[in-house]
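Below are two complexes that have chain A in common, paired first with chain B and then with chain C.
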Partner chain A sequence: MRALLFILICIRTVFANDVALESAIFNKVIIAVTTKEYPEVYIYKENKALEQFPGKLKIVNSCKEADIVIITTLKNLPEACKEKILFGTRYSHLRDNRVVGAFFWQKGRPNILFYKRRLERYNIKLDASFDKYIEK
Partner chain B sequence: MKISRSFIILAFVIPLVTIASMVIYFEFIEAKESVFKIIKEHLIMQKVSLFQKYVESMEKNYGDNLAELIIDNPNIAYELESDLALLQGDDVKYLYMLYRDEDGKYRYLLDATKDENERAFLNQKFDTESDIWQTAYKTKQYQVTQQNALETLWVTIAYPIVINQKVIAVLGADFTYDVYTQIVNILNPIETIFFYISFFMFIMLLLAYILVYLYYKTRKKALVDSLTHVYNRQYLSEFLETTSLQNYYLMMIDLDNFKLVNDNYGHDVGDDVLVAVVKEIKSNIRHEDILIRFGGEEFILLVDKKESKESIRVAERIRKAIMNLDIESRNNKINMTLSIGVNPFPYSAKNIEEAIKIADEQLYIAKSSGRNRVEIFDEAKKYESEASNRISDIRFAIDEGGIKCAFQPIFHAKTNEIRKYEMLLRMMNKEGKIIPPNNFLPSIRHTQVYISLTAIVLEKGVQTLQKRPDVHLSINLDIQDILNEDILELLRLTFKGNKELAKRVTIEILEHEEITNFEIISQSISKLKELGLLIALDDFGSGYANFRYMINLDIDILKIDGSIIKNVDKDKTAYNIIKAIVSFGKSMNMKIVAEHIETKEEYETVIALGVDYLQGYYLGRPEFEI
Partner chain C sequence: MSRIVVILMMISSVILFADDLDVLLDKYQSESELSKKTKDENGGHLIIFTRDDLERMQVETLKDVLKSIRFFRYLENRIGEPDLLNIDPVLYSSKSVRVYLNDNELVLPITGSGFLMFGNIDMDFIDHVEVYEGFPSFDFGIEPATIVVRLYSKVASRDSGTRIKFLGASHTSNKENIYTAGQSDELSFFAYANHSQNKQEKYSVEGNTIARDITMKHFYGSLSKANYKIELNALRMEHDGFLGLLPVEVPKSTNMQRDFVNASFASKFQDESLTLNISYIYADGEYEANYSTPVYGLFSTMQQEYDSDILTAILQKKIKLDVHTLSIGLQYRYKLFKFDEVKYDGVPSTQQQKYDHENIYSLFVEDSILLNTNSLLGISLMQQYYERNKAMKNESVTQWRLSYIYSTKSFVSKTFVARQEFIPEPFMTAEAHFGNPELNSEKYLAITQEFSYSKENTLSKFIFGYSKTKGFLVSDSSGVVQNSSKDLKAHYAAVGFSYFFRKKDKLELQVDYTHLDVPGSRDILNHYNYLARVINTYGKFDIFNEIIINSGFENLDTGYDYSAGVKYRATPDLHFGLKGENIFNQGLSRKYYYDLPTSNAQFEVPVVEQKFMISMEYLF
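Presenting the complex of A and B:
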């Protein structure tokens, strides 16, 4: 899995800025979670990286259409979104059991974290490269 | 070879300064990196020393179950975290303690990071981005890594906490770029100055070489003939600045009757012929040999002596090659010949002009002897010293329009009206001084330059006749000239089919050498008369001229030599000679001209003797305009 992180960090150098790198990591993670080549994503409320560089992610305007919801806050989360897979952008988002995982920056390093039970709840199976990021 | 100051600057000074400035720049970069390295090592050692003391105190106070203790006792965690925070300082941005769980994942035990948003929770997973953590666990030695992939971090230290020979946790310290940035901010202006100096010098160097390239490209253009792509005359002088003629044969090559090609087929075909001939010559010489277009259809060939011990072989090879060459141009098939004059010892000449003159004289002989020939200079012959200087002056005058014609009036003795003008050749040399023909004509008489000069005089004469329909002109030619096929051809081309113009021209023939073959001269004179030209015998009564001319040649006018006219009023012998000439001329139905009349007495005496025409300073001086 270190290889994955290394690749992602390398992408950062190629992509030249944090925003592009963040988008690349989101793409990698969201595609793995949804197992779709072009997943539909609803962003609550905003994410500059994905809005600027969506990559293979299709940004939709409502939770109803979305395969997954990327949250930047849990405050006032629309009801329709609560039924969807939630993916956090802060470590603190993981305190909410509905959030299956998160990608966030800490100490200048990219961090990815999933909880095994939450993944199982949504019947999400990630490939072995994500094992290091899955907490029991 | 002369090395100019600008060449030294371009070739040595600018590159040296550029290299020096680049060396300084790279040395500076290297010095900067060394400074960073020293500072980095110093910071690391400082921090490691603190960690060592911290770990020693832990060893005293805690056992190898430290991780469990911290996890189970928030108070201990808080206390240790506070102690850890004391070690942080300004240079370390993140300071934390990790442990490795049963799955091999690293988790936070303590985090003394000041920024709450960056602070991790107890037991939170830590995603490792390098091997230092694992290595620290394995080797029990502290590890350092440069964080090249992470933008905000500079250096990370992983310091293992070893208790009872067992690594129970690792202290992590992330140095930020703050220190680095501070140093960079100090050094950057100096680095920038060095960079711009190096960059500027590099650009200067680049520009200098571009300029040199363009200069030599333009220069090459200036030295190469645009039509034939062989060198031009300018190249010859440049070539001789650096090279001796010691190793070369000098050949003067001239295409026979090339003017006819131009006249009959047009200049485009003429150009094609020149190109084809040059191509053929080049295919018969080596790369070391130098072919130069010297004039219209005139070339100089410098043949490297290494090629052949005998220059005749090379010259003959070229002559035969051209003779056998079928030139096709614009649906015309043309065969050309050329004549070659060879100077096998050009280095013996005082200068290049003299060496060329020797070859030119041989070329003249080749032409006079029927063309399509090679004539080689005999070593035994002596060089005429003065001639070389003259020939360069004349070539210069021809090129620069310094060939002038003065017109001296010839008066009718009875009516005192101007009947014609004698064209007198003058040359303006490089200094602007007017040179009379006697000072330069003898030295070039047997060269192609002489023919060029004759062509110029004829052209000027025709222009004057066309401009002034009332004027009759006398043009001087040497008796040898009318035997020269090139000059005869020139006259034919000028006056054939234009009898009205020819009728207003008298060719004054002057002899410099005794002529024995009157039959050939007579034939030439007949040819001129057929064109409609009048023939006068100049300087009669002096030199080799004798009455036999009058008997054998069809002469229209006799011009009595000036030396006899001088003092005719006082010299009885001269008086009697003129009287006899006048009497004899009249009996032969010739007109008599008395020239060089300088006094009133001379004027009156020759009128009394019955001459038909008068000429001299007393009556009218030569003028450039009529």
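Presenting the complex of A and C:
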């Protein structure tokens, strides 16, 4: 009974938790971008949602091992990361041409945005459900 | 235990990854409501207006939400300023209603709280509102309160970008504002500027035309870096003085101006468990009234000026020890106030205020004890010391509060018992005309209980309580404030029901009742408030309907206020709004004295006037 109560409390916590949902969105996007079921991800520098709930993502310790890099800043980005697919967490990250897309808050709502040319540069093909998030 | 974790992970994976991206983004936006991070269920009987509520209800000013909170109704005093507990002709009775913007109390030193200036503040920079009723937690501030209204501003991390808004309303009222926010790796900023003119019906009383129009200019800005934040909040209000300060004669004309500037610094250390907040407030004001016939046969013009400063410093530490969460706070507040610059027909009054500054020291300890997975016991103790410039006796008071919260998946019970002591504010003690330096503190004892039961689509609440006030402040026959020898007693109860349907729609029903045994001639009063509110979203349209019925209030006629609005989201960045307030002009009306002591004649006006407005918002 006590265990059941614990489960119920945890479920309430998990699903009342924006962090878990944020991770689910990252999972969805990163799996689509990398076309891998269990992509390897390097986080530069921190992302509480993915660190807490990695889901299907394997968090790695260096850019070398990574399929994609989630960036919270572009400042002092390690050289090894620059060759990888970069995905931003702020609208301002998209000002850098190397960043293919971003998941960010703006104007009071969460947004996902990709640039078509940048996706093409990395030969990334997203399925039709992503069309509304791609700017031509 | 490991099996449980595995089950949890499996369930979470199935649910989280099954949804498509649009659905996930919607859920994420809803679950990320800032109110979910800031609310404190242990803080009191809580009413939340989320950002989504504020947007879909087209809330323009704080009054739009305060007029529907249980047990109270929005009121203004005889000079057109917010005063939730107004008892005319007493100018201000809401000293225990405290307003906060983020972590800063918006306080005016003379009146003891800032509700008078911020009770109807513009809301376009506000993310959400939390109202705590029933002697809220000491965690909130340095001085005790019966109601705490916490306003949380929008934040740069969510609202990067710029929004402009224009609003036009009845009687050529208008509002224009802009906010802009942005962030870099190290800094984030939010800036908001508002100009509004709220024009209302003009009335003729005893051959004089009286008005309560208000022009407001407001700036709010914040700058954050890591664990440090500075904020600047500046407000100028220019308005008519309506029936004037004096209930003895109707003024021919009135003019008022109030200025308020608050600069604050907040910092967090030790993994955010240690906080230091420093806040400085400067406030000044002017009032002028002209009369056709001399008041008391003595003067035809009255001018009053005040200025004041407040410095507040709060150091707070949270410590987790096994099942205990300790919150320890050390607080200091310095108040300086001057309000004896009164002129009659241009001649300065010889009356002098009795003292002009005050030091308040406060120490509080709050222990939240997790008794088991379902039960939380809270014990709070606050010791305060008021040092008053040797002109008045210093005061040392003790406040305590006990809380017990029991919760299961669907049921929550909250019990609060509190004993609080309110030291009279400067306008009651130091004011030259009706102030009384011999006043003793008011002592409150209250017990309140809340039960709530939630199912998938419903939330039901039942709240009831009893409170007793010793030394309640009343005016004697010469207008001087005195402690009543009889206690003020109140019984109250409220029932609320919310039904959530379709994707985002909700229906809210609420009935509340208050029985007051008031010292003095007013005796027994029974108040009733009824609320029905429906908020719907159909495609690009947000529709809001609300009816509020208030009855049984002294000097207030029973009325029903029906308000409704439609918001059209043409694109995610362009919105148009149409709203009517008190549409049938049948809302609660208020009576004010204007011919005392010659007669008990009263003038009656709607508390919230009939108003229609149209608005446009554009984000870029």
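Just so it is clear, the second predicted complex is superposed on the first by the 120 of 136 C-alpha atoms of A that agree within 3 Å, B and C clash if a C-alpha of one lies under 4 Å from a C-alpha of the other, contacts with A are read in each partner's own complex, and residues count from 1 in each chain.
The rule is simple: a contact is a pair of C-beta atoms (placed from the backbone, for glycine too) under 8 Å apart; a residue touches a chain by one contact, two chains touch by 3 or more.
Given the structure is predicted, the values throughout are model-derived calculations rather than measurements.
Of the two partner chains, chain B and chain C are each touched by A:R109. Within the superposed three-chain model, A:Y91 lies in touch with chain B and with chain C [touch as defined at top]. Residue contacts after overlaying the shared chain place A:E135 against chain B, while chain C stays out of touching range.
When the two complexes are superposed, the chain touching more residues of chain A, out of chain B and chain C, is C. Look at A:K75: by the touch rule set out above, it reaches chain C but stays clear of chain B. Within chain A, the residues touching chain B in one complex and chain C in the other are 2, 5-6, 9-10, 12, 18, 91, 106-110, 112, 133. By the touch criterion given at the top, residues 93-94, 96, 105, 113, 118, 120-121, 124-125, 127-129, 147, 149-153, 174 of chain B touch chain A in their complex.
On the chain A side of its complex with chain C, the touching residues are 2-3, 5-12, 14-18, 20-25, 27-29, 53, 55-56, 73-75, 90-92, 104-110, 112, 129-130, 133. By the touch rule above, chain C contacts chain A in their complex via residues 4, 7-8, 11-13, 15-17, 19-21, 24-25, 27-29, 31-32, 36, 51, 154, 157-161, 163, 183-185, 373-374, 409, 572-573, 619.
Those residues of chain A whose C-beta lies close enough to touch chain B in the complex are 2, 5-6, 9-10, 12-13, 18, 91, 106-113, 132-133, 135.
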